[in-house]
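In the two assemblies presented below, subunit A is common to both, partnered first by subunit B and then by subunit C.
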Partner chain A sequence: MAKTLMIVDDSATMRKIIMRTVRMSGLEFDTIEEAGNGVEALEKLNASPVDIVLCDINMPEMTGPEMVKKAREMSSCDNTKIVMVSTESAQETIDGVMADGANGFITKPFTPENFQEKLMPFMN
Partner chain B sequence: MPQTDVKTQVEELSVESFETFCEDIAGMFGIDMDCTAQGPVAETSKGLAKKYKKLAALFTVQSTGILDGDFHLVVDKEGLFTLSGTIVMLPEKRILDMRKKGTQQDAEELDDAVGETGNLLVGSWDRVFREGWSEHGHFLQTGTFIGVPWSDSQENIGIAEDEEFMYIPLEMTVGEFPAFQCGVIFPESLFTEKTASDVEDEATEAESVNENEEVSEEITETPAEAAAETEEVSEPESQPEETAELPQDDQQPEQAELEEVASETQSADVAEETQDSATVPVSLETEDTDPGREQANGVVSQSIENMVHSFPSLPGEEMKSFLTLQAQSVMQKKVVWISSGDSVQQAMTTMQENDAGYLMVGENGVLEGIISWVDLIGAISVYLKPVFAKWRRPADDATLQIRLKVIMTRPVRTARPETSLAVIMENMCQHGLRCLPILDDGGAVIGQVTAFDIFKAMLNTDSEFATVGQSPQGTLLQPQDSE
Partner chain C sequence: MIEQICFNDVFTDSAKEIFETMIFMDLMQADDPNQQIEGDAVLGSITFKGDLEGCLAFCCGKDCAQTITMNMLGIDSVDEISDEDTCDAIGEVCNMIMGCVKRRLHDTYSNIELSIPLVVNGRQLKNTLGEGAQEVMEKVIIEDEYPTELSLLYREKSN
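Now for the complex of A and B:
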């Protein structure tokens, strides 16, 4: 069964770039949702959870790491994989958000292969 | 650390950061990017107001660690529209228009893309400083200003009009667009000595930071390219309109065409065009082969383009697995080398002797450029064709002696063995390339992928035209005595 995806980033430009790169990676999703910050993402996830969330780190309203923590408290997101996508590349940032419940980390700049490699394990 | 050492370190890492940004964007968007730094100068807002007369984008960066405070990255108007337009994939013509006539309002309409350009820029900076300086803490983009920041510089960049700061200017190029100005503004307050304990605290914090995961680039530029002189950039030709929107499912015509190519093993179009370019010898004996060949190549590129642009909505597992094939599974391992000091005539002979359509130009495995048969034909005088023999002059023969370094294509776009065909094809059509050298981790050329290798893989056949396609030229150019 095809998977569902949500892209969470405060930049509409970046959401489009991510969507395009995901498509170029050859991974197939049934639906691709978008959200502009953590609050909006959590509301949408509460109403209808998705399989994979691609989540920015620096966002207004609610940052990515805050969103990950909250999502991990929601039963609707029990099976949701959250992969961070960010220009932040400090190991401590990556370790921190992984410890809070993220399932993966993709650094910007990224390529279709990065998505293929990081998301493929969650596609089955 | 003495203040002068700090400044030297900052200067070196700043230049590296801009270069890394160019590599990052180049890899992510499949474009050529380059920058050339000039040395740091003491500057004032008043002085920059003269350099950046029109609107500019100014990104404020909050720095922690040994550099404690704000600094600013600035991009001129041309750079603002070129970078933001490129990341939202505006048509080239539109970007060129806006570079000339773009207004504050035009820039503000792109504010999200401008801000994201800053985000990527600051991301590259943070990575370079963290890897290069243990005392670096963190860079965070805290603001994006679009306009003329100098008139109220105290308000906009926190620097009084006459206050001196360290400014490092750079010239940056994106694809075929003319170069633009950018730079970094470091207020002197950033370099004021900190107490030993301050530095120690931050150093301890920074030490816990491990080497971060390196993001490999799909399409990289050769090391030699960094050394290449800045080339004169010509105005790009206008391209067919492309929208910033993502490929939608309603791209019926393209999809239909692609399905045709994908479903029929030997689609008439492809077979015909490929055969044309493979069997019609491109030689000076054949008067009209040049245009014919270009046409064939044009159609080849168009087919790839159609396929690339519509594959997100493509049905069929076959095509999907084809697009995710890696370069190493389709590449030709044999590549032929020639020196940049060799002549066009030597290159033609080498191609024919080796049955090669492309030559790697360089010494000792260091790739300086790439040469195709079309490059060679374009370089020599048309009067070398037998039909024009009676008008042939020594100057025409002299064109056979043109050195390859003058006409070779550089920088060379390259790919990694693990790069997918999807990415390779997109790069090929975006840049009008028909051959991408494949480099290993050490930067050594280990093979090449041509458009025909891709067709061969797509058709999954060893049929003659697919292989013959690798060598576009037919008969040897016969050197003739001039009269």
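Now for the complex of A and C:
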């Protein structure tokens, strides 16, 4: 079963880089959606949920951690895995967002192998 | 109080790491300390607050900014990118470099909060931060071709 993915990042450049890196990782997705901040992502997830969300932390309008909390209150996201992708790497930040309902964390700079390793468990 | 020399290393190493791993371009300390950016320039900056407050800026020529953007997007022709793309890319460069700086300073300054990056176009652009700020200024060269300035202005949180 092919999976669906959403990339949430305020930088369009970073969304492209993530998309390219995901492709290079060999993981295959049916569709890849994009959103520029947490608010836009939640609207899209509410209308049509995806299997995996890759989510930035530092974004205007609504940050990644705020988005995770809100998504975890939405029944449409019950089965959605949320993996944070950020230059943030302080253990407190990672622990905090994982406690709020994120399912993984990838730090920038990243490699295709990082995506392979962190997303593979959610592909089945 | 951390020695200035330490900040220089943290800053340059962070920029090198990002350019090597995410942009696939070579960034080195400039041989000529008086190198200047000629013509149109792009300056990206990101501010931070918390245990340490200040502003990080990355300034390069427009041609360099376009090359960085093309590399990040995996595009071959400059005609395919807009000024908006370039601003977005340079903003993200600042965000990533500052993220690396933050990671490297974490043991000393555990609480540093980053802003959303800001990018401007112009000539002879300069990063400033009022009184009492320390400045680390690094002149670097990208791909042996583009003179670039990295500046980090900071002060410790005053209690």
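Following the convention adopted for this analysis, the second predicted complex is superposed on the first by the 124 of 124 C-alpha atoms of A that agree within 3 Å, B and C clash if a C-alpha of one lies under 4 Å from a C-alpha of the other, contacts with A are read in each partner's own complex, and residues count from 1 in each chain.
We adopt the following convention: a contact is a pair of C-beta atoms (placed from the backbone, for glycine too) under 8 Å apart; a residue touches a chain by one contact, two chains touch by 3 or more.
Since we're looking at a predicted model, the values are computed, not measured.
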item	value
Superposed partners subunit B and subunit C on subunit A - clash or fit	clash
Partner chain(s) touched by A:Glu88 [first = subunit B, second = subunit C, both, neither]	both
First, second, both or neither for A:Gly26, with subunit B first and subunit C second	first
Partner chain(s) touched by A:Pro109 [first = subunit B, second = subunit C, both, neither]	both
Superposition-derived comparison: subunit B or subunit C, residues of subunit A touched	B
Partner chain in contact with A:Ile17 - subunit B first, subunit C second, else both or neither	both
Touched partner set for A:Asn58, first subunit B, second subunit C, both or neither	both
Touched partner set for A:Lys44, first subunit B, second subunit C, both or neither	neither
Subunit B versus subunit C as contact partner of A:Arg72, first or second or both or neither	neither
224-232, 242-250 or 314-322: stretch of subunit B that collides with subunit C	242-250
Shared contact residues on subunit A - subunit B and subunit C	11-14, 16-17, 20, 58, 86-90, 92, 108-109, 111
Residue ranges of subunit A in contact with subunit B within the complex	11-14, 16-17, 19-20, 23-26, 28, 58, 86-92, 94, 105, 107-114, 116
Interface residues, subunit C side, partner subunit A - complex	17-18, 21-22, 69, 72-74, 85, 88-89, 91-92, 95-96, 98-100, 102-103, 106, 110, 114, 116
For the subunit A and subunit C complex, residues of the former touching the latter	10-14, 16-17, 20, 58-60, 86-90, 92, 108-109, 111
Subunit B - residues contacting subunit A, complex	24-25, 27-28, 87-88, 112-113, 115-116, 119-120, 122-124, 126-127, 130, 138, 140-141, 208-213, 215-218, 244-247, 311-312, 320, 323-324, 418-420, 422-423, 426
